[in-house]
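Take a look at the structure below.
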Amino acid sequence: MMNKELSGEHPFRSNKPRSIEYAMPVLLFLCALVSIFTTIGIVYTLVTESVAFFKEVNVFKFLSGTTWAPLIQPVSFGVIPLLFGTLLVTLIACCIALPVGLATAIYLSEYASPKVAKIVKPVLEVLAGVPTIVYGYFALSFITPVLQTLLPGTSLFNALSAGIAVGIMIIPMVSSLSEDAMKAVPKSLRHGAYALGATRFEVAIQVVLPAALSGIISSFVLAFSRAIGETMIVTVAAGATPQLTASPLESIQTMTAYIVQVSLGDTPHGSLAYGSIFAVGLTLFVITLLLNIVAAAVSKRFREVY
Amino acid sequence: MAGMALQPGGQPSKAHQQVRGRKKRDQWTKILFLGATSIGILALMVLIIDILIDGLATLRPELLTNYPSRRASGSGLKSALIGTFYMVCIMAPISFLIGVGAAIFMEEYAKKNKLTRLIQLNISTLAGVPSIVYGILGLAIFVRGMNLERSLLSGALTMTLLVLPVIIVSAQEAIKAVPSSRRDASLALGATKWQTVQRSVLPSAFPGILTGIILAISRAIGETAPLVMIGALTYVAFLPNSLLDQFTVLPIQIYNWISKPQTEFHDLAASGIIILLIMLLSLNMLAVVLRNRFQKNL
Amino acid sequence: MSAIEMKDLIVSYGQQPAVKSVTMDVPKQSITAFIGPSGCGKSTLLRTINRMNDSIADVNITGSIRIMGHEIYDDQISVEMLRKRVGMVFQQPNPFPKSIYDNIAYGPRLHGITKKAELDQIVESSLKSAVLWDEVKDLLKKPALQLSGGQQQRLCIARALAVNPDILLMDESTAALDPLSTLKIEELVKTLRHTYTIVMVTHNLHQAARVSDQCGFFLNGELVEYDQTEKLFRNPEDERTERYIEGRFG
Amino acid sequence: MSAIEMKDLIVSYGQQPAVKSVTMDVPKQSITAFIGPSGCGKSTLLRTINRMNDSIADVNITGSIRIMGHEIYDDQISVEMLRKRVGMVFQQPNPFPKSIYDNIAYGPRLHGITKKAELDQIVESSLKSAVLWDEVKDLLKKPALQLSGGQQQRLCIARALAVNPDILLMDESTAALDPLSTLKIEELVKTLRHTYTIVMVTHNLHQAARVSDQCGFFLNGELVEYDQTEKLFRNPEDERTERYIEGRFG
Amino acid sequence: EGTESTESTGGTNTNTESTGTANTETTKVEEPAKLSGTIEIDGSSTVYPITEAVAEEFGKENGDVRVTVGVSGTGGGFKRFANGETAMNNASRPIKDEEAETAKAQGVEYVELEVAYDGLSVLVNPQNDWVDHLTVEELHSIFKPGSKVTKWSDVRSEWPAEEIKIFSPGADSGTFDYFTETINEEAQQSRNDAQVTFSEDDNTLVQGIAGEKYALGYFGFAYYEENKDKLKVVPIDGGSGPIEPTHETINDGSYAPLSRPLFVYVNKEMLEKPELKAFIEYYLNNAAELSEEVGYIRLPEEMYQENLAKLK
């Protein structure tokens, strides 16, 4: 038995050439590079198109100006009102989605029976799958009228209504991903705390939450960047009035809504106003980029090894 | 030790009061958490009921078989449905191949160095880039740069780029979840790296990967903004018969109907939304079934 | 009065009984070992003692289990109080991803102790009882997860001691450890016997023989034999016990 | 010629040596056991024999290790062919989530066997060698994950046998099993010795004593003593071996 | 031939079958060969419904001709049209000089064809019982940049001292362009403060005015016609007395100055293609009927004839 192949050739030497072993890593690497090229494509497109725009409009004035009226005479390109509108909607959305989503995640992972969680989780995920345009009209035709009865003086288009709709949409992003992170915390940690006489609430808050913090933060960031980038809801429900207003009950405009407005509208291509959508797009991209870098750093800092 | 009173009889001790307080807090927070969970479910129910009320009356089978028309009564989603279907048919395999390929590279082949860390950061960043930015990209690269015009191919490629990070990340998770003991088992039998990936890792990760793809598809089906950017807001009353034909998709047709002056179209839009939701729900359900099967396998 | 008295205790998962009509008394300040093949219900019984089974959906318990004379599956019972008095150490060391200090202080804090001085004192005395103090006294702020496996397990024991329990349950608490760490824990347990009532589940018959005062042999959820450890190993009454012990000793 | 000859073998992770200058010969058709406290390098050495360490980034190997007289850390060597000849069974049973049949057929298929009849024959003979055939012969299409732990481990052994190796490496392959399953595997291993060269790592000194022909005791990466098992356990030459064996037997 | 077909459609009103028969005849006589090919159209969202309706009817007869109608806005459409990418552009305003120059530079020659009228309607809430009409000057005072008018009483003192809520089409629409050009003398000159709500979606303007007692707004006639019960239209006095927008007043030009022509621009070179020629002829022959059907106002009959003549 031992000697079966020892007679002639070397027993451990294969004579089959395996070119696929060399080809696959290269092919797969090319696949991974697609994502890099996508980023390069985005940056290249936005930057080259923006350069033309910034030849005519001072970058500093663009970033610090407080009047955005690219289509109304006298034109003015101060991006602050768009930024403000975007942040306002995002803030409202996060005020809803982060606490509700996190509480839902805690409920599903710590309180609900596995059976209930198994049903509720995908049901909630449907919220994230509903086309945003549907939310837009839901906000306009349902949320806004409700707001108008509760808070008289609410405009037809308002940041609050759009923010609420965006918030509802991103709830499952927070709840699902946070729940995944909490589920990944080993059972043994929970048992350790229960065995010391901790209540469920104490286990959830003191043991599970800190251990899952890195995943929870990632879910927050993803939800946040989704809210910033949300387009159709704000286009439909938040209005087209770029303004700095203290009241979320008034109409505003977000960066994304502006881009849609121009790309569906009447502006001649090549005009200054048309170029502004690339400058706004670039601003949007840079914001999400920064957000992700900060998030990566934060979540690394909170990563627990267990 | 003899005085161990587990029951709150007679004089409740300080420790007992303390425990009772904590229990009460536990009860309240449970209600709070349950309440939060029901907010999401309630919102979904209200949304669905709201749409059903508007759209149920006009939900007819002709909706699926008619082309769009200026008259609400005869208008339908045929070209939009088929357009959506074609778009998915082009997008799904491309994004599957590239996405899973990238995920395999990152998880199985990549050495831990600066480049792979950059790629990883890049992927997670792309997952957060607003979809409208992908629209701008698609417009510049596919529509203009490659001269593909507002074709099916442009739309599908734009969507591919949009969902790619989602697919890569979920495929990576699925691959990561395959216990390393399965790789060891395969390698120890004399399998090569690629054989191990192909025969051991991928089959184990497949349901997870598929779940990711399905969720990505359901995202692509519902996306409006990037297609608006590349100019797909169009009246199309025929079925595309080549990759370079113009096309329309469900959310676009719905958007189109909603902006018409006639209220009959608005109800029709609600019916369209019902159809879209049914599609999305079926896809999500499929994903759930797969996910459950996947978890059983681990 | 015994520390734990069980009478006709039946524990089932759904319809499936895992512990079948067990009646036994566990005396105070002693070490009791549960032995038996895998799946015989040792862990289930142990978890019944501090009601860690409560969180499992369809677990059914009938019969009586009294601790210090009190029926613990009584509606009036506070599970939290019960678990404070009946500590538990698990198979895998499971420190919280916090500092060593915070791990030990976790229990006392739960139960309302907030004064720094008092906590300091508890942390020190618990770590000393668990024979870990000398190794970590200068590293109290260090993450507990950086300790070695054996140290982590002793930390978990210290953590359990910190809430000042009467009874300590240990479910194969050395199974994941190397022989040297195992030996250390065994020695520690022997010293703890003077202050605590200890119930341990073990796969390792040597360990049961080395460490315990009395020993219960389980088979398919039944308590086959329960006796002084010496007696059980030297001269088992039940033939099944004998066969199990011999099969194991080879 | 010995099955395995190691000479001045040093294996390090980065700068940290895990195996320090080991020289030993493993004879054919026999069972060799590696014992020693946790972290002493047993697994590392075992994984060096079939180059399973290759995938770890910064592992450094110096010295010589020859199998059937061939230097295995030679550039010309095909790792796949090596591993085909040197099978391995792990601590945790790790069947693929496929049917029992497909688990066994996995290896032969890798190496180019596709004919149904041939595969059937291999599956049957491997399962028979692993003393599992009678239990599963009617369930070959059943998912392997539905087998019990002990059956899964025998399945893994059958899977390793299916590629017809010369040497079988077992890294604590019974550690995760209950005593009865452990016994079954030990018996199986004893029957396999007639056809295969077996090297096993074990924590369980009883097991080493019961099963192996020769035994190596490792401490901190060093091979302290290597001898006939009888001799090593009865009459160790090195004091450290003696202490370890006694500490363990208690 | 063309006249005959228009008449027959007109006679039976919106009866599709009759339209069908009439056109089958047309095709039979003019184009014995079956038409095929692709016609790409883009441009104004305002003109879109008319072109869509034409494309739909045309498609019924000529199933092999694939007509697509995009909505990139008048300006976005002209950009593509001037590059020769599209065969036809919908426009809610005449081509601008820059756009014409680009077309010239690219060697694109085109014909401008008027196809219908749109009347910009000024609207208030039905509960508004004080406004009987507004003059162009009053509109100017309300809408001019930096306007000081905040309350209804600032327009006419006897009107309520309540803040006016203004609803305006988005600054990126042809409607806004036209309104500002007509009322404020220069296109895109407009007040732009918190009192004005802009929206690109005319339906939401309808909703806003219908739900707000002190609202004032304007948008295309089609949206008013569809929502007559929820809105009150304001007669406009352009110098010759207050005129309410109706099919008649817009058609005969008495509703001034807020009625505007809608156009399509056709690439001359591509007109050589029989399918495009057939399509445009079909368009002009049926625009009267179809534009009314989707909420616009037909041109006087002779104008369609003139347009048809331009094609020759």
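Observations on the structure shown:
Note that the chains are named A, B, C, D and E in the order they appear, and that numbering of residues resets to 1 at the start of each chain.
FYI, a residue touches a chain if its C-beta (ideal position, glycine included) is under 8 Å from a C-beta of that chain, and two chains touch if they have at least 3 such contacts.
Chain-to-protein mapping (UniProt): A = Phosphate transport system permease protein; B = Phosphate transport system permease protein PstA; C, D = Phosphate ABC transporter ATPase.
Fair warning: this is a prediction, and the values are worked out from it, not measured in the lab.
Where touching is counted per the definition, the chains common to chain A and chain E are B. The minimum number of touch steps separating chain A from chain D is 1. With centres defined by CA atoms alone, the chain at the far end from chain C is E.
Relative to the whole-protein C-alpha centroid, the nearest chain centroid is that of B.
The interface with the greater count of contacting C-beta pairs, when B-E is set against B-C, is B-E. One finds 47 Å separating the Cα centroids of chain A and chain C.
The centroid of the Cα atoms in chain B and the matching centroid in chain D are 45 Å apart. The mean-CA centres of chain A and chain B are about 13 angstrom from one another, to the nearest whole unit.
Looking at chain B, one finds that residues 19, 22-23, 192, 233, 258 touch two or more other chains. Residue positions of chain D touching 2 or more other chains, listed in rising order: 80-82.
Shared contact sites, meaning residues of chain A that touch two or more other chains, fall at 197, 199, 202, 235, 263-264. Going by the touch rule set out above, the chain pairs that meet are A-B, A-C, A-D, A-E, B-C, B-D, B-E, C-D. In the complex of the two chains, the chain E residues touching chain A come out as 44-45, 71-76, 78-79, 92, 96, 98-99, 145, 170-174, 177, 186-190, 192, 194, 196-201, 204, 207-208, 211-212.
If you check the complex, the residues on chain D that touch chain A are 3, 28-29, 67-70, 72, 76-78, 80-82, 85, 166, 195, 197. Residues 40, 42, 45, 48-49, 51-53, 55-56, 59, 66-72, 85, 201-203, 220, 222-223, 225-227, 290, 293-295 of chain E touch chain B in their complex.
Remark: chain A residues 18, 20-21, 24-25, 27-36, 38-39, 41-42, 45-46, 49, 99-101, 103-104, 106-108, 111-112, 118, 120, 122-127, 129-135, 137-138, 141-142, 168, 171-172, 175, 197, 199-202, 221-222, 225-226, 228-232, 235, 256, 259-260, 263-264, 277-278, 281, 284-285, 288-289, 291-293, 296 touch chain B in the complex. Here chain B touches chain E in the complex through residues 67-70, 149-150, 231, 233-238, 245-246, 256, 258-263, 266, going by the rule given at the top.
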